[in-house]
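Note that the chains are named A, B, C and D in the order they appear, and that numbering of residues resets to 1 at the start of each chain.
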């Protein structure tokens, strides 16, 4: 029975990684930009929720709701005033600027919050669990997976059902002709990053409540998000969820064999998929 | 006072000058055609009016206002919609979505809506769920025209509508123009197919190497004059 | 012996036929012009010859050897030299270095071996006084000359020119045509796509008319220009 | 019939500035080799740090600046080179000098399978992919119990003390083995730095270097004139892995203590190196040299401000990338036109004024 439990835990963990990856996949789909500071922005959001929860005495879920508009604004401004300047044919500027940003955020947080590891406490919920048949499953991991699915459904609705979603896709296809329709690409990119930061805030809530975190764990989260996006296939949000789950299961199986092998197993799963299906499991022919 | 006017419009790509001081005028309700050989600067003229190429403020006037320096989003918002050369539909949008996005920058109510565009080009109602670019060249051209009409523009710019289309399809598309005019749009049409242009236009400008070489009503333009203005050689 | 022979070469992009059973031969040292309206498939035909696009059907024989499946790089080494419709110089490299790259890699030689030849080509194409300037600083005419020079540096046996006279003033066009005529006189086989008809017809021995990917006319320039099809395509009115 | 002289062309790359620089550089190198005679141990250790960071920066610059391969995972080769050296010394009992060389070769071999994976990814995905591979190598080596697993291990004292080269240096300068060790590693770092810069410069002046510059400028046009971009980028990736692995092994001979987290640290081996190259001037040989000097100055000024130091480094990197993408050296070279390592092929000589048309060439 143990292996069934490992798979369930893997799927639930996959929900967290899908949340990490959803924002990355959205921004890449629209403007071919990969933000190397994506993981650090998740950690930044976690600290923001922690501060709101402790200073305003809010329940973490409410604190996350309050943090969302703030993170949207941060994302919007970051794209409009900084990252838009790096867009263009040369791949160096966006990579080196976002790498610099990652270093700046990490050390800014270290200066502000020291290197101590923190946790957002949700009280009893942390240890609460439900019994589903023979397996008992933690409430928070279940909530994480549910949120991941909700986010992906929400993003898909936004992308394929709304006028803003049409504008995203049109700008990604052909920014010049999008201008002829009255679309202003610079603002559309800023809105997209803003929305990505809202998703990052949800991811940060579950990251912060699930385990300890400190200012230096951003890059590892970036790598899990990246692996989920690549395994899932570029530009496909459902693919990103599947990618997250593949990484989650690989990690829980790795941990089951030897706790030190958890992360390594995730990476090896990624390399295996890259070897067999270089365009990911569900390529949606973005490029 | 003309509805739309260019005054000594100059345009260059880096060190290559494409337009050498072009003056054209379009009155309310009129249709003008701009003909000329490939590379004569016709498309550059359209890109300058539509805001893809930004120019001197006073180079382009619309309803008396200087719009030469405005970018494309501001110009479509004022009511000048463009059917770009090569149609440029959005591949990841369906036919209907391509039409809807035409209103994104100018959601003005008027004659044109999804229903009236489908009446103008009935085939599109059947194909509305298809991806924009999975249609024949002629059908794509209809979507591009419909997309521009969706913003109920006061001026419709059409760039090389007949490009790469079979003659019968061209006739089919041009058949829609009387109804487009009737709905109140003034039209600037850049065309390589002189035959079609002469039939539809109230006035014609001929361009060669970035200059207007001939202008007038279609009736008083003889084949020789066109040939000379077209090739620069009698 | 024909240096290039296309027989029934076809290519389709989804529902669009861009090349429809195209067949023609080019004699050694002959200059062939290709005309046709926009979207007729002219550039596609070039891409089929250079290998940037692979043919769905038919065969392409170059210099007696079948190259239909050969990738672009090997065709370049085999002697197919090409200039781009929109000049693509190495902007940060100097004009002389642009040629060195083409000569060394295109002809598979060392820099030392091709240096002399590149200098002569610069003289031939009137770029010698811009030799040490970055290609990014060139005017449009000079960029077109550089396209020509770079293709020559690969020591081609067939030179493909894609609308190289477009966008030039009368005077500039005349100078470029003289250069091309001199190269042709030197024995170079040329295929030239062009809209500027008076420039094209002053160099080429034969004209091929292409429309909707099909060859609809072939022959001496003035005969072809006088034909009904060409008039109709270009002037659009039933003349 | 007048005789026409065939034009005599000459191709040069040297400039006045580079000629004088060559002399100055030669003097500096002699002075550097003589440094142990007059410099203190701490100065030698600082110079060792600057030289090894310069070697890493030149290798990363070769990858990102010339071949357009932005790797954020070169720490994989530093760590792997260092661990290979530790294994050869501790487990195989080899002399550290030989171990360093073999470690470089080992890193180049590691680069073959990693290139196979990485070259399936483009741009930003190549960058993150290289980071994943560095993590895989780090985690794998952390399982190697014989070398201390996750906590790491140290070089046994006698391994370095009994080195024949060390005894030679010790005798020469009449100093004990630990100080002789500093002198020896300093000399090795100096040799490695000179060799790296020399090889990179020779590559840039070669046909391959010209091909790389063409690919970086316009890959499509380069391919159309016969330049095989993919093969060239792969060769550069392997060369950079060799150089980086060599430097990693040398660094850890001096440190004599290793752990997976230190040997594969993103900050020490990738963040610092990227800032050195970006601040100095990416895509030039002079850039990393300027960059490592600026980096060293910043480090001594700000080192005791903890994370503020990295924060400021990050900000400077962002500002320079946005507003002066060619870095400090780029700004200087643009204004003065001076090139210390000129690469541009200049055509000189030219047609002797032709007396009259005619003659053998008609």
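Assume a contact is a pair of C-beta atoms (placed from the backbone, for glycine too) under 8 Å apart; a residue touches a chain by one contact, two chains touch by 3 or more.
It should be emphasised that the depicted structure is a prediction, and the values quoted were computed from it without experimental measurement.
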| item | value |
| --- | --- |
| Farthest chain (mean CA position) relative to chain C | A |
| Chain pair bearing the highest count of C-beta contacts | A-D |
| Separation of chain B from chain C, taking each centre as the mean of its C-alpha atoms, in whole Å | 32 |
| Chain centre separation (chain C, chain D; CA means) in Å | 43 |
| Euclidean distance of C-alpha centroids - chain B vs chain D, Å | 56 |
| Approximate Å spacing (C-alpha centroids) for the pair chain A, chain C | 50 |
| Chain contact topology (line, ring, star, complete or other) | ring |
| Inter-chain touch pairs (all) | A-B, A-D, B-C, C-D |
| Residues on chain A engaged by chain B in the complex (per definition of touch) | 163, 166-167, 169-170, 172-174, 176-184 |
| Chain D partner contacts - residues on chain A that touch it in the complex | 33-34, 36, 82, 85-86, 91-97, 99-104, 106-108, 110-111, 219, 222-223, 226-227, 230, 260-261, 263-264, 267-268, 270-271, 274-275, 278 |
| Of all residues in chain B, those that touch chain C in their complex | 14-16, 18, 37-39, 134, 136-137, 160, 163-164, 166, 192-196, 198, 209, 223, 226-227, 230-231, 233 |
| Partner chain A, residues of chain D touching it in the complex | 64, 68, 70, 72, 117, 120-121, 123-125, 127-129, 131-133, 135-136, 139-140, 142-143, 150, 266-267, 271, 274-275, 278, 282, 306-308, 310-311, 313-315, 317-318, 321-322, 325 |
| For the chain D and chain C complex, residues of the former touching the latter | 7, 9, 11, 207, 210-211, 213-214, 217-218, 220-228, 344-347, 350-351 |
